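Labels run A, B, C and D following the written order; every chain starts at residue 1.
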Amino acid sequence: MQHVVVQEAAFDVGHEYTRLAELSDHVGGVSIFVGCVRDTAGDLQSLTLEHYPGMTEKMLQNLSAEAFERFHLAGCTIIHRVGTLGVGSPIVFVGAAAAHRAEALQATAFLIDKLKTGAPFWKCEQFKDGRRVWVEAKAADDEAAAFWS
Amino acid sequence: MQHVVVQEAAFDVGHEYTRLAELSDHVGGVSIFVGCVRDTAGDLQSLTLEHYPGMTEKMLQNLSAEAFERFHLAGCTIIHRVGTLGVGSPIVFVGAAAAHRAEALQATAFLIDKLKTGAPFWKCEQFKDGRRVWVEAKAADDEAAAFWS
Amino acid sequence: MAKIKVLYFASLREQLGYAEDIIDVPQAGFDIQSLITLLGEKKPQVKAVLTETPRLRAALNQTLVSFTTAVKPGDEVAFFPPMTGG
Amino acid sequence: MAKIKVLYFASLREQLGYAEDIIDVPQAGFDIQSLITLLGEKKPQVKAVLTETPRLRAALNQTLVSFTTAVKPGDEVAFFPPMTGG
């Protein structure tokens, strides 16, 4: 099972967990990561996610297929939200179901590391004082993605 | 927030996710791993988990405190079930909330790796043909736990 | 000469104030870097935005490519800053 | 002489058919290994189970310990196979 979605709506973590856990009696572990809108300094109003429709879905599907194969998954889920999200809102869900824990855990880390720099999403922060700032790509994210190459 | 429980009852993954995600505006990522009863050969009836009451809670609390400190967590959850569980049933929930994804992901891997060999639980498999077999500890699990030392 | 579609995303789109150009390109011997040069000659505003974006990225028909990749008539090219998803 | 409580878990408990022994030990100079020897002398069934368990583990007052750890009167000692949680 590979489930890849780009959507504005929120997702239900419990529901997505169940979808992965109930795939097969061979599933021994389900690993999940959810990224949220963080407000470090207390001055953030919201975060807007822009994407490249068409390319996004293609790249996320490729990423899912790569994880599925590489980590021998029973199931792989990527849900990425777009649009304007408030502080604390979930942005992205990645999840993997596998026979063994190491594969599920590694697949999850792989998916989120790759997704950070390898799918056409861009974040713009809106602050309470009215400023709008495009989030800059981090060198650390490139390094994390390169780890899996 | 540290939440450590040993219980017979099932847990609600969505509820536990929310508990971690809503801790603070500083949370940028929540990582979760759930281990389930796997039936590789189609011959498993159930799995019984025995533990050492008192020692279990103490070791899990130590483990949670170690992860909390080491990975700068905002929240850490360990829920481990005991008793007799059917195929596919969730056994263990570990989860971590942190400012950054790497810390949440690493804490989750740390918790489940350490918990496999460092808390007094023992698994006994009941097969459809009536056999009862105590699960043997794996050398790979010792190695995974040692990785974090 | 034939037309290709050029898309701009994120800070590029915002600085330009629009999201898309249609531009005539030669039929052959044309790559992403040539396209950047041509866009710069025809549209000073685009030149400024493309040259001032650190680590500019390009996609050809929705696949990330290097600036030496050939462009054909009918292709869709997109320019954007480094991606910041997740 | 003073009493200590000895607990058995998992396959040990199951093979013995019971979960707990109370045993008299000397007041001083006594460690986990001495306790295993003493239990073996007094209870042949316990000796068989403890010696036949690969990689036997011991806990003293609910903390994992090596077999050279000293045991005092009133302590709780537990024996079990390697743990298989998670």
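The working rule: a contact is a pair of C-beta atoms (placed from the backbone, for glycine too) under 8 Å apart; a residue touches a chain by one contact, two chains touch by 3 or more.
Predicted, not measured: the structure shown is a model, and the values here were computed from it.
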- Fewest touching-chain hops separating chain A from chain D: 2
- Measuring from the mean C-alpha position of chain B to the mean C-alpha position of chain D, what distance in angstrom results? 27
- Between chain C and chain D, what is the separation of their C-alpha centroids in Å? 74
- Query: Roughly how many whole angstrom separate the Cα centroids of chain B and chain C?
  - Reply: 49
- Enumerate the residues of chain A that touch no fewer than two other chains. 35, 101, 112
- Note on the structure: Residue ranges of chain D touching at least 2 other chains are 86
- Pairs of chains in contact here are A-B, A-C, B-D
- Note on the structure: In the complex, the residues of chain B that touch chain A are 12-15, 17-18, 21-22, 25-36, 38-40, 42, 44, 87-88, 90, 99, 101-102, 104-105, 108-109, 112, 144
- Per the touch rule, the chain B residues reaching chain D in their complex are 35, 49-52, 54-55, 58, 80, 91-92, 112, 115-124, 134-137, 141
- Task: Quick one: which bits of chain D touch chain B in the complex? Just the residue numbers, please.
- Result: 7, 9-11, 13-14, 55, 59, 62-63, 78, 80-86
